[in-house]
Amino acid sequence: MIEEVGTSPEGDLIINVGPQHPSTHGVLHLVITLNGETVKNCEPHLGYIHRSIEKMCESLSYRQFIYVTSRMDYLSSHINNQGCSLTVEKALQIEVPERGKVIRVLMAELTRMASHLLWWGALGMDVGAFTPFFHAFREREVINDIMEETCGARLTMNYIVPGGVMYDIHPNFQQKVKDFITLFKSKIDEYDTLVTGNIIFQQRMKGVGYISGEDALSYGCTGPVLRASGVKCDIRKIAPYDGYEKVQFEEIIETGCDSYARYLVRMKELKQSLSIIEQLLDNIPEGEFQAKTKAVLKLPKGEFYSRVETARGEFGVYIISEGGLTPYRIKFRSPGFSNLSALHHMTKGSKLGDLVATMGTLDLVIPDIDR
Amino acid sequence: MFSLENLTHIIDHALNNTFNATIAMLIEMVIVGICAITLFAVLGLVLVFMERKVSAYMQIRLGPNRVGYKGLAQTAADTLKLVIKEGFTPDNADKFLFNLAPFLVMIIAMMLLAPIAFTKGLQMWDLNIGVLYLSAVSSVSVIGILMAGWASNNKYSLIGAMRSGAQIVSYELSAGLAVLTMIVFTGSLQISTIIASQQDGWWIFKGHIPAIISFVIFIIAVTAETNRAPFDMAEAESELTAGFHTEYSGMRFALFFLAEYVNIFIVCAIAATIYFGGWMPFHISHSIPFADLFNKGMDFIPGVLWFTGKTFALIFLIMWFRWTFPRLRIDQLLNLEWKYLLPIGMFNLLLATAIAILGWYF
Amino acid sequence: MNISAIIFYLIAAFILISGGLAVTSRKIFRAAIYLLFSMIGVAGLYFWMSYEFIAAVQIVVYVGGIVVLIIFSIFLTHHVGSEMEAPNRMRLGFSFLAVLFAFAFCIVTILKNEFVPGLAAPVDLTVERIGTQMLSLTEHGYILPFEVVSMLLLAAMIGCIVIALKIPGATGSTTQAQS
Amino acid sequence: MFLVDYIKTVYNGVTSLLKGMRMTGYYFTHHKEIITQQYPDVKQVLPERFRGEVVMTHDEKNEHRCTGCTACELACPNATIKIVTKFDITPDGKKKKALDTFVYHLELCTMCNLCIVACPTDAIKMAQSFEHSVYDRSLLTKVLNKPGSKLMEGVE
């Protein structure tokens, strides 16, 4: 219907951005009202890749449903798995061995780095620079190779299981990560030369997609989006899990509230993740990597919730159990959905190019929004 | 110095002796037309391949290396694919204008090839207003884009066309001013005279400060005029999918694509002609000792090589821009023109005039 | 009839046909494009007569300037593909009369004028000569009209700036004030 | 001052752009940094943990280790594995459940590794093959136990 109307009653152009559009990073559909180049309204329409993952999980056992969550936010699949495993462990009161915890944190931080690198490249594409994408993939590929060697897959690893991790780390893991750290440190300045310092990029980012801290809170934004508006919200700090309380890292807070602040938060988080990895890499404790668990997991009757910090923000897993083999109901709180809901607030009155840039800094992963 | 003038004269005489004057002229026109079309196609193929290789190396990739020797036949294969692909016309499109637009763009690109001097004597049309002709005809190419954007009956195309209209019309001013600055030095609009005036050194060296400023402005303005990144607002792919040629496919898309590259070649050829002496070898002023010896030595390299070398170096520069910079926003783009390039260009024109009057150039 | 005349008539026919299409086309964007062709034809005529400078000016001003302006205003006011309504009879009749009158006027002027033959070679119109003539104070100099036209353009530019200027504090129609 | 600021903006902008160009220029001239993998020509060696498809290990006597316990079938979230069992007669005359066919639907498999973890006898493992494309979808349904294979001695 909208396609037929074409113009709003006020004579503004109504344009369907997506579901097939280069800058929506997937099958997101935005209906935008344009007055000249100015975006008057922007309305996201979801549902193009809804796979009813939550419903699917209700028919899967507590070991099985975890692998499905890798397919939600596929860029931080480890962290999703970690969130689910944490909930199951919380319900069954399983204590994960120290080695398992450290491996989990290492993997989660590597995933976060990979995710931020992909975001950085994709943001470059959004603002019209093609080269950063390949430069980001050069480093990301190294992370993926490390993942492949230890976990067996590059993107949807299903490595973290209730009780710990599926295997022990590969013997080469530590050396490879060390090589990666050296490589990354030599390349991170290039990112600043190529993109951050670039005057065109700064002009495209500064003052664009403004959202104040209160607004961001009221929209339920989390992660780098909220931190860029000056609100502390890192789950790794406020409710540490898997031993995050033992590592030294900074929670990055920026007060710019605009796209540039969000950009800076992620770029600084890359360095923080690197420092976490450096702290843990040589101190992986000996011992078991997985707690002894029963072959068949049965959660006690009740409601369980736990949350983790993914690369995009707070990811919550809420399980209602009736005591059976499968969960009665599962609800995922995905960061992308809430962050997307703030999009129309951020882009009202901005230019069409700003809409794309803002969407880029929100770091949307559509399967995460549209489960 | 080796010259192609004799060759063209021989052909001219032979034709005039065989046929009467009118038919000889018509035959010459046909020959020139065929040459222009061939040049158009060859330039398109070469430049597309060059772009792909340049982008690949800047993006730490290998680029096309499968079709033909080191991938040289890649663009030919792509063109073949585009030729045999179905040309698709959307519903409710203005079919006449939709089909006309790519040809208009192509014809204009070919017309612009006319006054380019490839080497001494190898020039299709050495008209006495050469530079003015170039800027006049290139101002028509915006119509092709507007036509394509309007006739597609697609809102992305329409926005793209609007953007490119605003952009090309504004940046034409700066490009024109930059050229004008150099015309103050050369004192002529004719391409051959402009080149001849650089016998004792290229204008970029002889004209020093104003010439360099004008060159920078010219390169920025023509990058915008040819719709290249970082000014590719008309086809900003992350915003408008493909802008004005969203609905084009097959051969008609290929024409837009080739015309874009030929336009790049033309603007770079103009820059090479005005600032770097076209086919003129690197000469130095006679006041410097051993200058004659040096100039003679430089003359051994044929003019075609000098011309293509300079032009392709400038094309490389424009490609370098594209694969390094992010895209500007439309209002920043217009700000850059009206707040920076145009005032600087005008000031520069005054400076150049003053220098020309005082004779402070070499 | 020699080949030169044939080419002349071809260009003239092109101008007339596209001009006729420009006024009869029901689609406004097409009308603008036909007008463009007509203008290009005129420029072609100048080129054929070896008055390159005037031809180039014709293209710069009429094709690159005025037609683009017309197309822009069409973009801002019309929808794609919509046709204009047919003009009413009354208006058609008056237009026809006006055209007839203008045509008769031209014909009479052309027939009355005694064309001086023998000016076969075109005048060598170099840019330098045009430039000096334009700004010379001598008998056939054009300095006065040139300056008057410049003043007119200056006034127009100031007017544009005043219209486009955002008055601080004034609300309402502040959009689209840039560019 | 206005003019100084203006010139400063222009200068800073231009230097930032030139820095970026220097970097891409560096990569343009240094071809050693190229990361392109020329896939069909140069095949990558995949790590042994890489999950390409599920295969069943057979030794040289054409014996496998699968008892047909269906633990993998139960562990699989997508019904990728279907095990058909039969009853063998043991030498002492008893009936014993054994594997008849191990059907594996590659087109349904998500390589989650849960079946491998679940297997009590290490009968199946992940192979490193990844070039699975075929012209017919039915070719993706595989039988993992080789024809005529039987259970290895001593595996319960």
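Order of writing sets the chain letters: A, B, C and D. Residues in each chain are counted from 1.
The definition used in the following text is that a contact is a pair of C-beta atoms (placed from the backbone, for glycine too) under 8 Å apart; a residue touches a chain by one contact, two chains touch by 3 or more.
In this text the structure is predicted, and so the values were computed from the model without any measurement.
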| item | value |
| --- | --- |
| Farthest chain (mean CA position) relative to chain C | D |
| Central chain (distance from its CA mean to the mean of all protein CA atoms) | B |
| Of B-D and B-C, pair with higher C-beta contact tally | B-C |
| Chain B and chain C: spacing of chain centres that average the CA atoms, whole Å | 27 |
| Inter-chain centre distance, chain C versus chain D - centres from mean C-alpha coordinates, in Å | 70 |
| Whole-Å separation of chain centres (CA-atom averages), chain B against chain D | 51 |
| For chain A paired with chain B, centre-to-centre distance based on mean C-alpha positions, whole Å | 45 |
| Of all residues in chain C, the ones touching two or more other chains | none |
| Of all residues in chain B, the ones touching two or more other chains | 58-61, 323-325, 331 |
| Sites on chain D at which at least two other chains make contact | 17, 20, 23-24, 35 |
| For the chain B and chain C complex, residues of the former touching the latter | 22, 26, 92, 94, 96-97, 100, 127-129, 132-133, 135-137, 139-140, 142-143, 146-147, 150-151, 153, 158, 161-162, 165-166, 169-170, 172, 187-189, 331, 334, 338 |
| Sites on chain D touched by chain A in the complex | 12-13, 16-17, 19-20, 22-24, 35, 46-47, 49-51, 75-77, 110-114, 117-118, 126 |
| In the complex with chain B, residue positions of chain A that touch it | 6, 13, 15, 21-23, 34, 37, 124-131, 133-135, 138, 194-195, 198, 200-201, 203-204, 351-356 |
| Complex interface listing, chain C residues touching chain B | 2-3, 27, 29-30, 33, 36, 40, 52-53, 56-57, 59-60, 63-65, 67-68, 71-72, 75, 80-81, 126-128, 178-179 |
| Interfacial residue positions of chain D with respect to chain B in the complex | 10, 17, 20-21, 23-25, 27-28, 31, 33-36, 38 |
